[in-house]
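Below you'll find the structures, each written out as structure tokens.
First chain A sits with chain B, and in the next complex the same chain sits with chain C.
Let's turn to the complex of A and B:
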């Protein structure tokens, strides 16, 4: 493996690990709740972290000034330089929940600005990552798991089961994925509690995506089944289950892994697309898709650039997963896994 | 000829399966348009029941499916409860728009990606090639949704292109030539966005396929005979690489249609995507089934065209 390869792999894996950890720890890392509104700071830009005060003195601890609306100009903010609010670590919210960092009231620490309702973008981004990243991961695991089962059954059993499974998978592949997704989503209730809609998303995505992995796994199983050592094992009286577990499935695992690395980003995108279209999780629970949906109004899109962060992170996530998938494929080809 | 007939027959079987699948799915869905009405206290239960009878919602599933099939045969594709009209005419118009968008985007993407891919394959490992690969990897990671939003931002900022819709307000008053120009101006943004999303996939496949063909013995031999590089690339390597590319042409339609849903919604292009979305939200099931069936028709047709193209391009398929 060349050095450039190693660096790109480390970058991709590191970025993903960081993001997943941040999403997991959103309750502690995010300075505010995802639905805490601040009506006086609608579309406030990111605060500026400052180290040098008005008198030119340098501070080790960064501080911020509060945004106040310019009198007579709604929606335009200026810093109120008369008071400084130092950034504090390990603070407690008014309700007593511990948070990694924050500032004293009445100032608020909007590191990435706010949305229409004055909700902190950073907090929503972190809580949204929970939905977007984990639904993609879980759904991909579900889809590949189903594909592994169906593919192994079809390839190993053959006969009518093979026929039925493969013809069904062709039906699923005869539809563009987003149309298929929308079709399945159309079947299900529209208004759900957030936790329900999260599980629903996972189930829908998983149910839709089994066809391709199943076909690939079936191919791998078929090629493994014809190998001499498998025939030999069968000749020695090995049970079907033993052969499947010991000789056939290990062949299929590589295929399944590559599929997993390719499916996760696709499913993260699918969740974002569904939520963007209003068919995923509903407000006030954030997903990167519902956050991006605000940008559909172009005056918002052109005026408040900090709302584009979900798009940036989304691209980074997909790029990282593609890099991972590329590495897994290369290793498989080199026969290292 | 037998090859074409077999592919065609297979396509029809597939569509029949998709129609049953989508009809079943739609039927499983909780509530129908009449159920929504039941919540309205001003509509009596008797009126709702009468509506259900009128739309045939009280019949058993197979009966409804056959009735629906009959209306498909007549081109109506069922009845839209939300629009109070047959689904067919609604769909044709929207499907035409989606097709215009998708075909334009596909043509754009392929016209740029094929020369670029051949060019990159001829210069493997050079800094241009590596830069192209890196750029296409990044572009590959940008979702159509994000691309469409960026396109919208650019259009809104610069004002060079109309930022949505398919026609200007005064479209009806325009002459033939001006109409075409108006349409082209509106088409440009969504088509470019969609083409950008399809571009990196095509580029990478062309590059890989041509690179593989360049390695093959007959190209090496041709090079040994002193055939000029340009001719070697375009007359020898590219046709030999055509097989996977033609298959990709058929396969990429699926991605293009999926992507176009998002692009259409963001850039308000009146295609199938927005219609399908509205129909889902309104529980207008026949429209949902119709739109899904049409998307599958496009896909099957696209693959059929690719198969036929392959037959024409590749003598090995003809021999088999």
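Let's turn to the complex of A and C:
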């Protein structure tokens, strides 16, 4: 493996690990709750972290000024420089929950600005990562798991089972899923709790996506079965289970892993698309998809650039997973897996 | 979402025969003649048939190609002569006699007479044609009788007195009998004049006629040389040679194409677009007008349908709350309408306490302005037997936690954010509100067919500035009585509203009508079967060089006087 490869792999893995960890620790890292509205600060830009005060003195501890709406001009903010609010670490919310950092009321630490309802964009980004990243990961595991089972069964058993599974997979690949999903949402009960819609999202994505990995795994199993050493093992009286475990599955697992790394970013994007269509988690729970849905409107997209952060992170996630997939594929070809 | 209730009142709108514009007296008509105006349609029109059209795009095009007997001036909201030069009311409001202008011709040159008027109403009234406007012509339970007196005189007989029946005539385009009689006889009138009809087979009494249609892209209308209306100097109208409609599905795209100069007018701009365009309007040669509060109504209502025999036990349990006046009052008091105005419309909207908006002069001025009062909401709930547990969650008398789902149309840029704000307001009151954003058709199915929903935030397109259009919503057996479409025993206040609405319908004295309708508004505000939220201001734009532009809060905001519009300099 070349040095360049190693660096890119480390970067990708590090970035993903960091994101997943941040999503996990959102309750502590996010300065505010994801649904805390601040209606006086609709679309407030990110606050400026300052180290030098008006008199030119340097401060070690950064501070901010409050955004105040210009009277008579809705949505246009100016800094109220009469008061400085130092950033504090290890603070507690009014309800007593510990947070990594914050500022004293009435100022609010909008490091990445706010959305239409004056909700802290950074907090929503972190909480939203839970839905987006984990739904993508879980759905991909589900899809690949199902695909592995179906593909291995089809490839190893062959015959009518193979026929049934493969024809079903073709059906799944050919169906217009988006329209079907819209119809499914319409008949589901209205009062789905956020956790319910999250699981539904995972189930739907996973169930829809098993066909492709299944076909690839089947191919790998078939090719493995025909190899001379497998035939030799069988000739020596190896049991079916032994052959499957020792020779066939290792081949298939590599394929499945590559598929997994490719599917996760696809599913993260699918969550975005589904949320965009109102099929994801409901307000006020954030996901990167629902956050990006707001950018559908041109005026929002051009005026409030800080709302683009989910798209930036999304790009990073997709690139990182692709780097991982590429790496797995190369190792696979080199016969290391 | 713009539901079709408003259009019941004011469907195809003809061209006005209002007082001549002051500007017209100064300059001769010839100097203004010529040019083309490019406007946008939100979607491609579905039909050119005024009898069956319901979508805004079709109605917008049809209104430029047709005319009505009487026209409601969109600016002062008064009824004015159009095809009928005068009318007479007698028999206590039961008989209307209308006299047509002399020498009327359709846009293909064929003369228009009382026969065409009688034919048109025969079509609108025919049950088989299923015109959405038919209900308006049923007065006192009976269809209006239409009779030709002579070539220029038509008599309408009503089974019951109807106070302002002349306003009705605004909604009915007069059809050419010579072109449509055959289709009517064959029973195919409802499907006649589809979008693919060749221009030669279409004719109307409006200022423009169809010249060309490019599917999915544009419609080109040209001046109707037989148009009946003239300006103050006696020059024939319209001034413009051409009226072009482009299909621009998205409101933001409309604003951008207006800014780029591809569109000459822009209707229904969002507050963001309006503010952005206003900044350099003068440099770009644009004129942006905030015409003030419109007639659109955004409101919240709870499902009070009678669900006996339907398998919805949990919903029926929740309806015990929804049916309590105090519960609905508390919800209304908890809502921060000022935040709706500020957050959803950047301040360009007006909070509402009544289903009638400040855009209409029928709003009861004695009603108090809406005010968020969380303490009042808590007092009302406590009085109705609700209480709060240690965690602050609201519980009913039986200890059941109070929560419901709020239905909205997915992707709606106004109602979606409204629901999020209301959810937060009610959360502070201890209610667990969940938002369900569904696709439009799924929402309509639940509202009108399955009744499987708790509460809904909806928007209604403004119709006429008159109490009558709201009857389909407020009458207990109205077709758009959203919160309760089933028929069951009525509460005393519901009986009173029915009675008042019917009484104002028959009343001809405007002052008395107002008193009756004011009382309706008071009752509705007290009982809150629908909780009025906000009405956006009408934000429009046009090239500054467009003369005679008189934006109105009534639909069509910009093109209602399209025959009078002209370019100050020839372009």
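A few comments on the model shown:
Assume the second predicted complex is superposed on the first by the 318 of 337 C-alpha atoms of A that agree within 3 Å, B and C clash if a C-alpha of one lies under 4 Å from a C-alpha of the other, contacts with A are read in each partner's own complex, and residues count from 1 in each chain.
Quick note on the criterion: contacts are C-beta pairs under 8 Å (C-beta built on N, C-alpha and C of every residue); 3 or more make two chains touch, one makes a residue touch a chain.
For clarity, every value in this text was computed on a predicted model and none was experimentally measured.
When both complexes are overlaid on chain A, the residue A:311 reaches chain B alone and has no touch with chain C. By the document's definition of touching, of the two partners only chain B reaches A:272; chain C does not.
Touch criterion met: A:74 reaches chain C, while chain B stays clear of it. Shared-chain residue A:182: touches chain B and chain C both.
Looking at the shared chain after the overlay, A:283 reaches chain C, while chain B stays out of its contact range. Of the two partner chains placed by superposition, chain B and chain C are both touched by A:298. Partner contacting the larger number of chain A residues, of chain B and chain C: B. In the superposition on chain A, contact is made by A:167 with chain B only, not with chain C. In the superposition on chain A, the residues of chain A touched by chain B in one structure and by chain C in the other are 182, 185-186, 190, 277-278, 296, 298-299. For chain A in complex with chain C, the touching residues are 35, 37, 39, 42, 74-75, 116-118, 182, 185-186, 190-193, 277-278, 282-284, 293, 296-300, 303. Contact residues of chain A toward chain B in the complex are 167, 170-171, 174-180, 182-190, 265, 269, 272-273, 276-279, 292, 295-296, 298-299, 301-302, 308, 311, 314-316, 318-319, 322-323. For chain B in complex with chain A, the touching residues are 14-15, 17-18, 21-22, 25-26, 28-30, 137-138, 140-143, 145-146, 149-150, 152-153, 155-157, 163-164, 253-255, 257-259, 261-262, 265-266, 276-277, 279-281, 285, 288, 291-292, 295-296, 299-300. Residues of chain C touching chain A in their complex: 252-253, 255-256, 270, 272-273, 275-276, 336, 339, 342-343, 346-347, 403-405, 407, 410-411, 413, 416-417, 419-421, 423-424, 434-439, 441-442, 445, 452-454.
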